[in-house]
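Should a chain be cited, it is by its letter among A, B, C, D and E, assigned in written order, with residues numbered from 1 in that chain.
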Amino acid sequence: MDIATLIGLVGGTALLLTAILSGGSALMFVSVSSMLIVAGGTIATVFIRFSMVEVVNSVKVALNAFISKLSVPQEIIQEVVNLANIARKNGLIVLEQQPIEDPFLKKAIMYCVDGHEAEFIQEVLEKEVTLTVERHELGQRVYKGMGDAAPAFGMIGTLVGLVQMLATMDDPASIGPSMAVALLTTLYGAILANLFFLPIADKLALRSEEEERNRKLIVQGVLGILRGLNPRVMAEFLETFLPPKQRASTEER
Amino acid sequence: MDIATLIGLVGGTALLLTAILSGGSALMFVSVSSMLIVAGGTIATVFIRFSMVEVVNSVKVALNAFISKLSVPQEIIQEVVNLANIARKNGLIVLEQQPIEDPFLKKAIMYCVDGHEAEFIQEVLEKEVTLTVERHELGQRVYKGMGDAAPAFGMIGTLVGLVQMLATMDDPASIGPSMAVALLTTLYGAILANLFFLPIADKLALRSEEEERNRKLIVQGVLGILRGLNPRVMAEFLETFLPPKQRASTEER
Amino acid sequence: MDIATLIGLVGGTALLLTAILSGGSALMFVSVSSMLIVAGGTIATVFIRFSMVEVVNSVKVALNAFISKLSVPQEIIQEVVNLANIARKNGLIVLEQQPIEDPFLKKAIMYCVDGHEAEFIQEVLEKEVTLTVERHELGQRVYKGMGDAAPAFGMIGTLVGLVQMLATMDDPASIGPSMAVALLTTLYGAILANLFFLPIADKLALRSEEEERNRKLIVQGVLGILRGLNPRVMAEFLETFLPPKQRASTEER
Amino acid sequence: MDIATLIGLVGGTALLLTAILSGGSALMFVSVSSMLIVAGGTIATVFIRFSMVEVVNSVKVALNAFISKLSVPQEIIQEVVNLANIARKNGLIVLEQQPIEDPFLKKAIMYCVDGHEAEFIQEVLEKEVTLTVERHELGQRVYKGMGDAAPAFGMIGTLVGLVQMLATMDDPASIGPSMAVALLTTLYGAILANLFFLPIADKLALRSEEEERNRKLIVQGVLGILRGLNPRVMAEFLETFLPPKQRASTEER
Amino acid sequence: MDIATLIGLVGGTALLLTAILSGGSALMFVSVSSMLIVAGGTIATVFIRFSMVEVVNSVKVALNAFISKLSVPQEIIQEVVNLANIARKNGLIVLEQQPIEDPFLKKAIMYCVDGHEAEFIQEVLEKEVTLTVERHELGQRVYKGMGDAAPAFGMIGTLVGLVQMLATMDDPASIGPSMAVALLTTLYGAILANLFFLPIADKLALRSEEEERNRKLIVQGVLGILRGLNPRVMAEFLETFLPPKQRASTEER
């Protein structure tokens, strides 16, 4: 799992718990019905907004994004330049026997080996990249949708509590505690949205961008192999995808 | 009807009712005049924003989107590849006798049979896709417009109630209940917008995107048939529109 | 006048009046100084934001949009196909004598009759469409600007009232009524923005889109006439601009 | 100076002063420390957001925009058509002796006289238009940044005042006046943003658009002169930049 | 360090301190637990949103942006025109021995010396510019993310404080001070976001735009050298990147 995410989630939660516990009993912050309104309302709108399949998928996508490790771009460049060297010496056909881990690179190389035209390969691969990005965006949208719904249902719950309190305002001593309970849903909604849903949506967006960059790198590399580009020139070109400090060949200059 | 939407709408409503009932009498949450302000104001602005025809259409579009079933992309690919195979063996003319369910695919094939040029067919079909998307967007805009108006009129109703309460503040005991009633319009507006209008607008957007993807798939497929593309290559190309797990031909590799 | 707009404006206003009157005297909702702050502040910012000419124009544009009737796209298609038939039989020159109501279509046909090149006509007409859209957007911006300013000055007025009330809080009995008056500006601003300015801005946007679609239709049609397109093919192509149910020729298929 | 802006600024300020004075002494609306927080905080963030030079420039740009008069597009068209006529009769070289007021038109004509190629001239002029627009946008951003900062520091000031009041709440009679003072910063921030900064930013945007349109007109005109376009055809083409009512040649038809 | 930023940060902080101290003891504005919630919550979400590396990088990027001096565009133009003159007289190869400070210009010239084709050089350099901009955007996003999170956790902290206060409302005298403490987190969040995070994010955006403009200038200049453009023409073209007053060659006209 991505370490920064873990630190953020655990640290943020611990911090809030500390702040709550330092003020006395934590029991006053627990209200089952408030949790039901916020969590239930958020889930309900997610079901209306998206289809069953998409909700399930988005959870999988998020888990996958946090657990699976993304390829490091330097390694991809290394591998692509390596394949370019092999193709230069022994021809494209030999690439078929090369062990390639990345499934997208594997597929792209297979298209080359099959002898498709460069335009077709470029079109198919770029469409694939575009559509992968669109699928990832759906996952982010589910989390973003939850981040929008949670504060809204927090406010709805608080309004319900306020109406109940104001309509039956017989005992002045109960006003304070009743209002405390009414505010809890707003608090739950704010925490869920700002500590969990919205940051996770942002993280997914970032992971998706990184994967998109990796895939664009592969597309450029494979097109270079097809065009018979000089591997050294190709390495230099592909390294423009990296921040200056992580570049190898330019450094040597 | 789309099951997720049904679950969301019924579940969310049930949840809110439970929260309200658990706090005692539900009667204090009923105010006919509050409902009139929120619902009436929302409907009034929808009529100003859009034309008569568009309001009626948007309701139809929404109902249609929830009831009608969208074609599954895999089946469309299957059918298009099938047609490509037939066209390859027996020529384009034979396609006229093929039974085609999807009206858009039917129309596209008819253009091929009529012998129009590829550029013309592409132009007409792509314009059709664009304009369908624009029409769908109008339906979403109506719901989005209601989602914007409902909280605004909720606030207007609460302000009206507050002014009435404050201007005639003779009996301190009546302040609480009066304010409870004043808050009801804000509550109504928040529920209408966040549980119904905005999620439905999002769902329509999603359905529209799916239909757009299906139609783009058909456009690509029909253009492939016209160009006499190898059906196996075409299947591979069209399957890039699907998430990796749902692909058939690539899986076999 | 556009019926839906009329229903919305009158109905929404009637509804609010009912809600106000049902709570007793309507006099407590009238405050001349509050009206001055909201209306005056809104108008002042409109004058700063836009130039004299634009403010006057935007009122004209709005009136015009509500009163004048837009051409129905089906009739435009009918007329263009008609002209195409005439041009096919008797040449382009004859079109000069045809009575054409729509001034934009008239102008486009005149360009053809004058013997300009197709590229020049397309360039001039498309520029005209773009610039018309830009001019319409200015009208919407004026209303949108008022929709932003009205709630802001409503809040400013309420703050002024609150400061006056709080600074001279000698008689507890006057607190309620003073606050009621202070809240009136917020109420006025919310009603002006949400019932009038913002919906009218949206309506203008919609009208502008419809007019843009009509003009694009004319541009496509006139270019088709110039290219000597088969009128039946042209009708089919132009009807992709319409929703499926309103199409004539495709229906006959 | 632009009259509408003057009317708006003076009128809006007068209106607010009237509303304040009608409520009794205006002294309760004066708080030097509140002014310091709002004005100082706004200026501080402007200095962080932008560089010294840009802040100074934006003030100059704003003054310039309000004082200097923009060329009227009709006059530009007149002048360009005039130059086209001269160039047609006596050749491009003669244009050098023509007195041209507008510096951008002067520069464009000089490029023609110097015998540069049409592509080069178009590239240079269009780049110039784009970069002028970018420079203007910076001026708007400074005012927009102040419009965002003023209400934020208004809220910060009010929070500071509230904390001070609540922490030392010994004399109940002082609560009202203390809160009145605390609210003043919010009031100042709202007035500064809504009556001054945001409308001025919008006005600058509008001026910039008008200047962009004038310059695009010049670019099109000069390219027409280079291509030796018929001056009458050019006049017609350039007039599509104007609203229909302001067109001369088309009117004559 | 950038002077305007320093003035803004120090001035704004001093101003707020003055306002706070002028109201009596500053101690009432210090709450360690409030600081923990706002700062801790903000940092926690930053860790969830971004990866470890990115958080560290963004701090470096910000420091770098404030300390390092950006090349002045006039000097770049001077240097490029100088190189163009040398290349014209002695050929491209000689450029290798020229001392070039700017690393991006150095790299671009090296590509020319190496004899790559113009298309390849343009593609590589433009990709480099695009990707540099993307890397800079990440730094801004980190600060913008903190600017969004700080007020949210300010509100969360205030809600926690309010719930604690309301639930244990036994001593009326403690209500004021408790509420003052509860409001502190909102105040901290507002100050952090509006005085530090958001303005810094904007400053980074501006720096990034300036660097982008410098690099685009270099790309255009190097392509001009490759094409053998007349240095005087090139100087004129490159100066369109500058505001009119800073131009040298055009001024001489």
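The rule is simple: a contact is a pair of C-beta atoms (placed from the backbone, for glycine too) under 8 Å apart; a residue touches a chain by one contact, two chains touch by 3 or more.
Since the structure is predicted, the reported quantities are computational estimates derived from the model, not experimental observations.
**Student:** Between 0 and 180 degrees, and as a multiple of 5, what angle does the rotation take that fits chain A onto chain D by Cα atoms?
**Tutor:** The superposition gives an angle of 145 degrees.
**Student:** List the interface residue numbers of chain D and of chain E, divide the shared ones by all numbers used, and answer same when the ratio is over half, different when under half.
**Tutor:** Different: when the shared numbers are divided by all numbers used, the fraction is under half.
**Student:** On a C-alpha centroid basis, what's the spacing between chain C and chain E, in Å?
**Tutor:** 40
**Student:** Could you check chain A for residues that touch two or more other chains and list them?
**Tutor:** In chain A, no residue touches at least two other chains, as defined above.
**Student:** Draw the chains as points, connect those that touch, then say whether the picture is a line, ring, star, complete or other.
**Tutor:** Here the contact pattern is a ring, one closed loop where every chain has two partners.
**Student:** Reading round the ring, first chain A, next chain E, what is the order of all the chains?
**Tutor:** A, E, D, C, B
**Student:** Enumerate the contact residues on chain D facing chain C in the complex.
**Tutor:** 2-5, 7-9, 11-12, 15-16, 18-20, 22-24, 28-29, 176-177, 179-180, 183-184, 186-187, 190-191, 193-195, 198-200, 202-203, 206, 233, 236-237, 240-241, 243-244, 250, 253
**Student:** Looking at the complex, which residues from chain D come into contact with chain E?
**Tutor:** 33, 36-37, 40-41, 43-52, 54-55, 103, 107, 110, 116, 120, 123-124, 127-128, 131, 135, 145, 149, 152-153, 155-157, 159-169
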